[in-house]
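Several structures are given next for inspection.
Here subunit A shows up in two complexes: once beside subunit B, once beside subunit C.
For the complex of A and B:
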C-alpha cells in the first residue's frame, strides 16, 4: 500500500464521516444551545415554598395577591400577581390592568427610571438630590417672594395618604391651589350632602334584586370594577331568582347589552327619566314615609306632576311611555330595588341634577338604609397625620369656595391661571396623574403646563405631562412601595386597602410620598413640621393606627366595614330628608345643558372600557393587542361609532375617515355605523391616542380628551364633559393601510 | 486507448479499508472523547444508602421526599427533615453517618447534595400533577434510586452545568426515562397519554 494522496483522502473522509457518525457533533450542538440558558443575565427563579402577599391596585381597587418565594417578601421578582379570593371586594377576580399589566409595565421602556431635569431645553438624568433641590429651591424662592399661592398642585386621589400629605404640605407651604382630578365621588357627596346631610353613601348592589342604572357604565369602570362585576355575576347566577338590571343611556354599551332592558334615551335626559319614574310612584301612592315627610315634598310633588309627567318625560327622553311605566312598576314592586347614578360614560363627575333625581327616586321608593338599597357608610377611621393647619388666605384659582361645597376643580384652576385671574401660576406640581393627556380638556392643561414657568411632576411613566415638565421624579409602582386607597365610588361598605413593596423598586424610584417628604425636608420650617416623617411608610403607619396598625393591615391587605350599615339618618338643617334642599330652596331641576348647534350638529360622548383605560392607568403593551377592529382599526386608527341614519344624512359611510371638531380641538377617526348609537351623536373610545409612552401606545388612535370641551355643570359648578357639540367632516385618506 | 488502459492498471488498488479505518477510528474517538471532554465528576458530600433508609421508614419515598401543604414538592429533604430522626450522635456505625453528624447536624449546615435529576430552571415541573394526579411511580422517572445502597458517581456537563442524568448516560439518545430525562421524553409521555404538550405547559 502506498500512503499517497488518494490513500490519505480516503482515510480523511472516513475519519470525518466517522466523527460525524459519533455523538460528538450533535451532542455539542445541543449542549451549546442549552448552555445559553445559563448565561448570567438569564433570569433564574428562586426555588422554595410558595408564599403569598396581599396587595391592592389603587388604580382599579382590585385586591390582588402576589405569588412569591417564601421568606423573600421584598427585593425580588414576584412570580405572578393574581386575584385574591379572600378579598371582599374583588373576590379573586382581576382585570387586564391588575395582573399581567403591572408586571409588564414594571419593565416597560417608558418608565421613568431616574430623576430628570430640563437644562436649556434638554432633559437629562440627574442625581435624586439635585432634582429635589431644584424643586425645593424654586418653591423656597417663590415663598420668599410672597408668591407661595402662585404654586399649584394637581394630584390624583384626595383620599390616599399621598393626598393627605399633599394637603398638609400645601397648607404649610402657603398655597390654596391644591386640586385633584375630577371624580364622581364629588358629585355624589354634593348630592347626598344637599338631600341627606350626609355624603358618604353607597349602593348595596350585591343585595339588590332590581337595579336601574342611570347613564353610568356599571360594567365598564364603575367604582371598583371587579366588585361590581362580581355583584352582576351573582345577579345572574340563579336563574330562578334572577335580579333585573335596567340600563338608561343613549348607547347600547356593554352594560346596556348585558341588561334585561335598555332604555335608549336622548343624551342628557337620564335625570328626567328618574324624576318621571318617581312621579309615577307618587301618583300610584307608593311613597315611602320618609319621602312623604320630607322637607319640600309638596313642592317636589308639584314639580314632578307638572314637568315630569309620563308624556312629557317620554317626549323629552325619546323613550316610549310604556317602557318608562314598565320600569317604574318593576322598580316599585321589587322588594329590593335601587337606582344608581355615577360617573358618566365620558368619565366626567356627572350632572348634579341627575344624581339628585336618582337619590330622590331611591327616597320615594323607600330603600334608604335598607338591604339592596342606598346605604350610609360607616367611614374609614384612619388617624389624621397631624393637627389641623391654617389654610392660606389667598383666593383659590379654581374658585372652589364659590361652589356649593367648595369642591376642587383642576380644569377651573387651569382656566383661571391661563387668564391670570386673579393671578397666574409661577409653578405647577403634578403628582401621580397625567393632565396633559386626560385633561379633562387636554389642550387647556397643556397650555397651562406650557405657560407655567416651572413644572415638576412625580410620574411612573414618561407620559405626556412628564415630557413637558422641567423636573420629573420617578414614581414607584404599587408593587414597589407602600401606599393606600380608600372606599371605591358607590361601594356599600367603607373600605381601606394597603399595598406594600413586593418587588425591588427600580433603584432611583420612590413613592410619591417619599418624594414629597424629601422636598418638605429641604423646604424646612412649617412644611417640614407639617410632615414629621422620615419616610412615607411612617405616614402610612400613623394613618393606619386608627385601623388596627399597619402590620396587620399589610398582612390582610385591607380593612373593610363588616357589613352594610342598614338604617338611615338625616343630618340636614331640617333633620329630615330634603327633597327641596335648604341650600337650593327648591327641588333640583335641570338647567339648559350642552346642545348641538348649526356649526356643531352632533353631540360627542365617550365609550368607557376596562381595556383602554381602567382607573386612568395607561394600557400595557399587551392590552393594545387585545383591542378589536371596532375600537382600533389597522392598529392605529381610532374607530368611532355613529348611527347609520345620522351618517347617511351627512353622506358618510362605514369606514370613512373623518375629522371630529369641537370648539376645543379636533381628532381624526374612522367611522363605524352602529345601530346601537343614538342618532345625532358620535361615540369615541376613551383612553387611546397617547402621544407619549413609546412605540406600543404612541399614536394608537386619537385622544378623546383632545376634542372634549369642558362646561361647568349648572348644578354643582364642577367641570362637565359628558357631551361635547362637534361637527364631523370627511378627512380624506384611506381607512386601511 | 492502450496508453490510457495502462495508466489505470498502474493506479493503486481501491484502498477502501483506509476509509473504513478512518471511519471506525474516529467514530470510536467521538464516542470515547465526547464524554471524556464533556463530563466531569463531582463528589457527593458523603455516601448515603437509600436501601437502608427505605427499611427504616414507613411511607416509602414520601417519608422524606414529601409534598408541602400547598402541594409544592420539597425535593431533596432539608436538614430539618433529617434531624427528625438523626441527632448529633450517630445512630449507626458507618463512617458516612459520622461525617453527617459531625459536619452537618452538629454545625446545622445544609447538606450540599448533588442532585441527579435537577432540571434546568426554565422548566416548571409539578410533582403533584404527576404523582398525586397521574399516579406515576417515583421509579418511572427516577429509576431504582430508592433501592440503591450507594450513591453513584455524580457527573455534570462542563458546558451546561446540568447533571448527566438529564441527557442520559448513553450517548445515543435512544433511551427514555428513567435512563434519561430530556424534554423529548416529557413530550412523548404527554403525547402517549393524551396530555397537552404545548411549550407553555412546562416553560412558564
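For the complex of A and C:
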C-alpha cells in the first residue's frame, strides 16, 4: 500500500472511529477510577456471618443487641450496638453513647491494654502477676503495720456485683473507707427514708398524665435515659390527649423546651415552688388522707401557710404567681399527676430539701402507690455473696457517721485525708471511675491522688486517674466480660441487667471483679475467705441464684419486676407518713444556699447533655463528632452560655474568650449569648476538657469540674455542686464587672 | 420527574416535638455507614455527618426562649413542577442518581470524580466531601461494617437511607417468597431514636405509617418553595418551628405558603 496523505488520513479517522466504537475507552476510564481509588490505607472490613447477642450497657442502662460479624480470618467482632426492641426498659431505643460503644471498646488509644506499674516515676507495661503482686504486697504490708484503715477505695456503683465484692473485701481487709461516687440515688433514699421509712421508690412516669419535674434534667440524663424517653414518646403519642410535662429550672434546656410549660425559676428555688404548690393544694382543701393524717401535718401546714404562700414563693422564685397557680391547679386536677426530683443539672446528687418538698407534694396529691404516681419498688432479690462481715472499728474518713443514715461521700473522704484528720491515707484504690476528672472538685481529688503514697486503679480507659496511678489494672469493657447493673434512678420497677462476654477481650484485660479476686487471693486470710470465688462469673452466678440463675438471666439479659407495685406502706417510727420526720423534728426547710458575691457575681451551673456523655465515661470519637459549635468551637474552645443582658452589663459579647474563676479553680471558655440562659448565671457543658484519651478528646474544651466548688448540702451533708459562684473576665484582660 | 411516577417512595416523617437532640440517630448512622472521624471535628464544613441534628431557637428573650432540633438526613428530593433533584441534575459522572423505583437518591463514591457540583447544588447541606483521608488508628477500624464500603479521600458521600438495608430486605423477600414488609426495611437512625421521633416507610403505600403521618396539618418540608419535593417530612405543632423551615417574610402567613402558594 502506498502510504500517502490520503492513506494516513483514512487510517487516522479509522483509528479514532474504531477506538471510540470499542469498549476500550470507557473500560480504561473505569479502571483508572478504580485503580486510583483502590488505596491500601482505606480499610476493607472483612465480612462474615452475622449474629446478634443481647447485653446491657451499664453506663447508660440501655438494653442492647450487639451485631456480631464472624469473619473467617479476623474472628468475631462487634460491628454495631443496636437497641433491643424486646427489652422492657429501652424498647429498641439507644443513646449516642450506646451506638458508639464498639468504637470506644476497640479504640486502643483510649484503652488500658496491659497492666502497668510505675517504676521510678515511669509507667511501664508489666505482667499481670507482677501488677497484682505489687498491690497485694502493699496492702499486706499496711495491714501488718496496723494501717489497714488507712487504705481507701473509691468506686462507681454500690449496687453492682463489683460493688458488693468491694464491700466484702474492704470489711474483711479492715478498712471502713469504701466510698462510691456521689449519686442522686443517695438523696432519694434519704428523703424516702425520712418521710416514708423506705427509700426504694420510683416515679411511674409511663402512666402519668401530668408530670412536674423540679430542676432535674428529665430528658437529658435522668435515670435510664432511653426508658424516660419512651415514657415521653408515649406522652406525645396522641396529639388530642397529650400528657402534660412541666419543667421547673432556671435555664431553657431541652427538657424545658419540650415541656408544655416551663417555670423559669431563680437558681435553687425549685423546692420552694414544690412547697408553694403543696400549700395551694392544702388551701384548696385537696389533701390526701395519708398526708392529712401524717405525723407533723399541722406543723407542715403552718410552715407552708406562713413561709410558702403564693406571693412569697413567687417573689423568691421569680416565677409569676399566675403560672405557679396554673401548674398547681393542673397538678391538682390531673387524675395521674406526679412531681419528680432527681440529679441536678450539674450532675450533682440534688438537695435534700428539694427532694423532700417534692415527695411532700406527691403525698399531698395522694399519688403514693397509685398508677402514674410515686411507687414503692419490689427490690431486686439477689442473693448476698456471703454472710455479714464485721465492719472495722476505725472511724470513717468521710465522717459518714455524722450524716443521716451514715451515707458515704467521696469528696469528704478526700478532704479529710488531705487534712490528715483523723488520719492520712497510705493507699488509695480506684475502681471503675475517674475522680481525677469528675471530682466532683477535680483538683481536690487530684491532690488526694498526688498526696497518697500508693495509688492503684482498675480502669477500662487510660483516663486522668489512671495516668496518675502507680499501678493500673486494665478492666474489660461490658462487651468483653460478665457484669451486672441494678435498677436505674427513679424507675418504677426494680430491674437487674446482666452483660456477658461477646467478643474476646484485649488479651490482658479482665473484669474488675476478677482483678479484685486476684488481689484477695494473694492477700489470703479473711480477704480470701470473704470472696471464695475462682472467677467473677462465679460471684455473679451466686448473686443471680436469687433471680432464677445466671444461665436464664444471661439468655434473657435481665430480670424485671413484672409491673409497678401499687399500694403504699410507711415504715417510719410513727408508722405513718412523716411530714415532719422524727430524725429532723420538723418539716424540711431550705438553708441559705450558694449566693453570688461582689467578687464572684455570677452563678455557674452545668449543662447536662446526652451528647457530651452519660455516666461519667469518656465520649467516643463519634460523640465528639456530634458536638455542635455551641458546645465546642474552633478545635478546642469550650463554649459557655450566658444571657445577652448579663453579658451586655458586663461588657461582654458573643465569641469573647473569658476566664471563669471560682474559689476552687478556673477554666477558659468562649461565650455564647443565649436568651434561654437565666440572667446572672453562666452555663457550662459537662464532660469536656479531658487531658487524657488521645487525639479525639484530649485537650478539647475545659473541664467543668475544675471550676466547681463543692459544699456540703445543709440537709443531707452530701457533696453539693449545683451552683458555684464565679467571676468572669475577658481572657487576657480585665472585664468591667 | 414527579414523586407520583415512583412505584415506591421511601421517606421519613420526623416529629420535631419528640426530638430531644440526643444525637443517637446521628451516631447510629455513623456506625452503620462507616463514617470516619477526623482529629478535629469542630470545622463543620469539613466534618462529615450524614444525619446532622441542628439546634434552632425561637429567638424570644428570657423566659420565653425555646429550642428545638431538626435532624437532617439527605432529603431524597424528587423535584416537582419541572424541577429536578438538584444534585443528580448537576453530576457529570453519574455518580448520583435517583432510583425511580424507590425514590432513593444514590451516591456511588467509586464513580465520583470529586468535582463537588452536587455539594454546591444541594440546598440542604446534606452532601459532604472527603477533604482528607480518614485516619483509622489502631482498633478504630475494627468495628467497621462490612456492608458499607469506607470511602476514600476526594469523593462525596451522603445519606443513602441505608440502601444496603433495602437490598438485604429485598434478598430476604426474594428467598422467603414473601413481600417486603414495612419493618423489614428501616434505617439505622429510625431504629436508634429513643423517642420514636423518626418514622420511616413508603410514602406512597397507604399501609405504611408515614403515609398517614405526612398528612398531618402540622407536617411540612424544608425549603418547600424550591420545589425539590423532598421525601423527608417534619411535624411540629409549634408555629415558630414551622416558620424556620423556609425563608418567610416577616409578615408572611405560614398557611398561604403551605397551601402551595410558591414564589
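Basically, the second predicted complex is superposed on the first by the 666 of 737 C-alpha atoms of A that agree within 3 Å, B and C clash if a C-alpha of one lies under 4 Å from a C-alpha of the other, contacts with A are read in each partner's own complex, and residues count from 1 in each chain.
Here is the rule we use: a contact is a pair of C-beta atoms (placed from the backbone, for glycine too) under 8 Å apart; a residue touches a chain by one contact, two chains touch by 3 or more.
Predicted model, so just to flag it, every value in this text is computed and none were measured.
Participant: Once the shared chain is lined up, is A:353 touching subunit B (first), subunit C (second), both, or neither of them?
Facilitator: neither
Participant: First (subunit B), second (subunit C), both or neither: which does A:461 touch?
Facilitator: Neither: A:461 stays clear of subunit B and subunit C.
Participant: May I ask you to decide whether A:27 touches subunit B, subunit C, both, or neither, giving the answer as first, second, both or neither?
Facilitator: So A:27 only meets subunit B here.
Participant: Between subunit B and subunit C, which one contacts more residues of subunit A in the superposed model?
Facilitator: Partner with more touched residues of subunit A: C.
Participant: Which partner does A:611 contact after superposing on A: first (subunit B), second (subunit C), both, neither?
Facilitator: second
Participant: After superposition on the shared chain, which partner residues are touched by A:15: those of subunit B (first), subunit C (second), both, or neither?
Facilitator: After superposing on A, A:15 lies in contact with subunit B but is clear of subunit C.
Participant: Tell me the contact category for A:570 with respect to subunit B and subunit C: first, second, both or neither.
Facilitator: Once the two structures are laid over each other on A, A:570 reaches no partner at all.
Participant: Considering only touches as defined above, state whether A:4 meets subunit B (first), subunit C (second), both or neither.
Facilitator: A:4 contacts subunit B only, not subunit C.
Participant: Going by the contact rule set out at the top, does A:275 touch subunit B (first), subunit C (second), both, or neither?
Facilitator: A:275: touches no partner chain.
Participant: In the superposed arrangement, what residues of subunit A touch both subunit B and subunit C?
Facilitator: 34, 37, 44-45, 47.
Participant: Please name which positions on subunit B make contact with subunit A in the complex.
Facilitator: Interface residues on subunit B, with respect to subunit A: 12-13, 15-16, 18-31, 33-34, 38, 68, 70, 72, 75, 120-122, 157, 159-162, 167, 171-173.
Participant: Which of the residues in subunit C end up touching subunit A in this complex?
Facilitator: 15, 17-18, 20-24, 26-28, 30-32, 34-35, 37, 39-44, 47, 49, 53, 55, 57, 59-63, 65-68, 109-111, 113, 133, 136-147, 150-155, 188, 191-197, 237
Participant: For the complex, which residues does subunit A have touching subunit B?
Facilitator: 1-2, 4, 6-7, 10-25, 27-28, 30-32, 34-35, 37-38, 44-45, 47, 49-50
Participant: Quick one: which bits of subunit A touch subunit C in the complex? Just the residue numbers, please.
Facilitator: Interface residues on the subunit A side: 33-34, 37, 39, 41-48, 69, 71, 77-83, 90, 92-96, 98-100, 102-103, 105-109, 111, 219-220, 225-226, 229-230, 232-233, 236, 239, 252, 254-258, 262, 264, 610-611, 620-630, 632-636, 643-645, 674-679, 694-696.
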